[in-house]
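The letters A, B, C and D name the chains in turn, as written, and every chain counts its residues from 1.
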């Protein structure tokens, strides 16, 4: 984060934080603090709360606001805090943005509203409406599997002209799309491009991406930071070696349940097993039962042995 | 509504009410009252607030709660009030359900949570969690184009065993699916099956469906009630004649914009033109501009002439 | 079929014939003759070969041409023969059309080419190219689940202006779409609209559709013909009673396997059990194994008991 | 290609050849020879005919067989020839495979059958059926946007046990999926993994992929070969520079039309402008009209200037 400029630039590993909870209505505050300190100690370049990994859309609104306050206080400016404000109701997005601003968060992140099926012109109009009403800089968040709409390169180009829109996080997994974006925006060096899926952080950083918003850095922040640094340095051999550990995590931790929620369930279960925080998940998801938990514990041990 | 039984049965035309608004944060209360009286005067069998047609997911939460209170008070038990509690956060659904219960609403309606991609077993678990925690009876709401999941017939069958789950509204437009549901549930006479798209109300009622939750009944409640009655009576000729007016509405009112939102924009614009309420739409949708409005005014006049 | 006019009009029950085979390369000619006679004896208004139910796209081309010749000869003008010419290669569609014409078939049926992802203008251009080069009248065939494209109402309207394009078969199951089509084309009384899924034949004929292209009429032609006649006569009680048998067939015969192919596997298995023809299926599908076959035999017996 | 072993291993840039045609039924044989010599002179590691870029599914079957014969004769073993046998009818796939074997092609490539909607077990059964009946080694071809099915990593793992199945070409553009595949198959060093979209060749080769099957190498084979070599050598700076030209081609040549076919239309148009072969396209696609052609000519000139 560039302290000499009014608009910060972002890069590196930003942890999309899981949300530690005791139950449907209460945060696990001890777990939250432990998690934040663990992540920052690992050297990440920022934290991102209230994203998909944070189960944002499942949380009660008072908890979302509380999470912003607590996280900003606990992080205490050691790293930038990005706050997800994705919502189907723009008024609720704006309320979350207000809290973020009051708590001195660094930036906002907003995926398209995900109930109605929008066209690209409607999407542009929406983002401009939102961007006009916020003070913090904002990232677009492309997540077509969940929002039913892809933010097309032309749309990104158009929106990048808005002062408050400073970057994009792409969770599509489609690097053909991502590379088209990078090319199309090649003359706008201030716009940041992050990828979500950690399986592609290595390659996208090698080719010019700004970094990764990678769930695995909740567990093993150092690993992802080292991967990022190796990629920036162009040290291919090191990249390959670290990438292979990331792929093992993807295969052995995120792939144990059925349905699209395996990643999230596996990650939260692992954080529970690592003693960092409670593994409670908010409806409509539910934590792993004993069988998956036992398998995951074994797999996790193997990975820890490699990393130590 | 059967006053002799604790579990009401529902049938007929239920109006999925648009939400009259002055701006992003304020209800158009005069419009709301006018609309409610207009609908009830037209003989509809119930009203449904906070559905897709009501832009529920776009509204600030305080407005959603207020809308429940005002509507229940204004309707004043003249017809049953159904309240949409669809949300990605189950805690917010439950809060809406509480308000509905306190205001003596008749039933709840819940579509699947629409952010995460769920499997059918996760969906069953979700609906059971919800149904265990509410007091009012609840309808399932199938809306795959918006929620990314179809509530499979087996899932409906399983959920129908829960005391609090009393029916389903299907907005898929797929009557092959709807007829499979009706057949599969043929021994459960207390379970209600409504369709959303008014283009298929005639045929589904003819073959045993409970009725229609049809947006057009905001404008022309009598037309839809007559159509329902003709279908129940098996008066095919009358059904065909009324159905053809409904199709004209579909073609000339709902089909003027681009994108999936044409229906909603057209309907709200028409209600404004009819002098019933404000045509403000909440983000991410926006009301028609002059060009579409002028065309719609002409089409609307033609339809009114036929109906008078 | 109107013998006084050059362009026939079609209506009623048209059987989408399964293709009786001995193995990957040989037709079951005895089975084919038995099936044709069985169907015609049941009173159907036409047969349709080389459709989805006929596994057209799985068959070797020489077999497709042979099937046209044999079927036309065996039917011997007792009822109209419709021939599917759907193909990704327009040249192969035209060759099939030539054979159909030489064998005095009555009409052609073509779904959109199903490999490339086309836009509606490309689809119009394609159908016009095809229609310009054939002599027999042609039906459009809407099958979005298999072809990845919906033939939009505007596209149908435009294509209906071509002399050789005389109707549409819709297998989408979406009667909201179907009713929009009927309404949009209400002034073109010569254009025919058939539905594929037998679960919706009753209602679509009640509201003005031309008939059904229903797989079940391979097994029980009389049932479907009676259902059609009752719907045309507006005899709702009889329609309901017959529709409920059709729904039992849908539930108990077409729903025993996994995956999208249950319908086709169940239907062909039943025809084998009824002693009409071989139940061999061409790759990539395969006939039911003993377990499903035994269950199906039981269900089939129950249905036969009701029908006798 | 390893001449010491019976099973060749493949790597590098394989050109998915467009099919030069004079009209719907005739190959442009002069153009074909010119194209082949141009490509081989550029140093590519193999050619692949009858793929998506070759409009395979649009071509008459006699032309497909003729293309195999002519190409194998013209290439005359200078580089390996891979032959697409993708078809909905397995018998036609086998006939193409026979011709390929007789012409001494090097390998076959087969996407899933693309009409019926299959489950993964049906897909495994299909590929095993096919692989049992061919003599040449075969690549799986993942193309979910066109075939409606993703070949899941577990399916690839299972199929890789078949002697005749030696690799996979992935055209999904989803490198998260691709990296999961590479990791899952990390112990099978003989299995090859190619990507289709040239926008991701650089990164996938950097991380261990076998190479790219890139349409652009029809035009500029040397560029893609150099890119591959730089990636294998781990020369990041050179990779970035060459990758940026590839992205310019993607942006300025493949992006001028509407619909999914822009890539194919742009590529064939460019080959016509380069004087290599006729730009005729088979239905349902059609060559660019003057407007797009003029724009493309300008863009092409800019790229040629950079490359010379």
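By definition in this document, a residue touches a chain if its C-beta (ideal position, glycine included) is under 8 Å from a C-beta of that chain, and two chains touch if they have at least 3 such contacts.
Bear in mind that the values here come from a model prediction, so they are computed numbers and not experimental data.
Chemist: Where the contacts of chain C and chain D overlap, which chains show up?
Modeler: Chains in contact with chain C as well as chain D: not a single one.
Chemist: Among all other chains, pick the one whose mean CA position is farthest from the mean CA position of chain A.
Modeler: C
Chemist: Any idea if chain A and chain D meet via the same residues, over half in common, or different ones?
Modeler: Counting shared over all numbers used gives more than one half: same.
Chemist: Counting only Cα atoms for the centres, state how far chain B is from chain D in Å.
Modeler: Comparing mean C-alpha positions, chain D is 50 Å from chain B.
Chemist: Distance between chain B and chain C based on Cα centroids, please, to the nearest Å.
Modeler: About 35 Å, centre to centre.
Chemist: Which positions in chain C touch two or more other chains at once?
Modeler: none
Chemist: Viewed as a graph of touching chains, is the assembly arranged as a line, ring, star, complete set, or other?
Modeler: ring
Chemist: Following the definition at the start, I'd like every touching pair of chains, please.
Modeler: All touching pairs, sorted by chain label, are A-B, A-D, B-C, C-D.
Chemist: Taking the touch rule as given, give the residues of chain C at its contact with chain D in the complex, in rising order.
Modeler: Interface residues on the chain C side: 24-25, 52, 57-61, 88-92, 112-119, 121-123, 125-126, 129-130, 145-146, 148, 258-261, 282-286.
Chemist: Name, in rising order, each residue of chain C that touches chain B in their complex.
Modeler: Listed in rising order, the residues of chain C that touch chain B are 172-177, 179-180, 182-184, 186, 197, 199-200, 202-204, 206-208, 234, 236-237, 239-240, 243-244, 247-248, 250-251.
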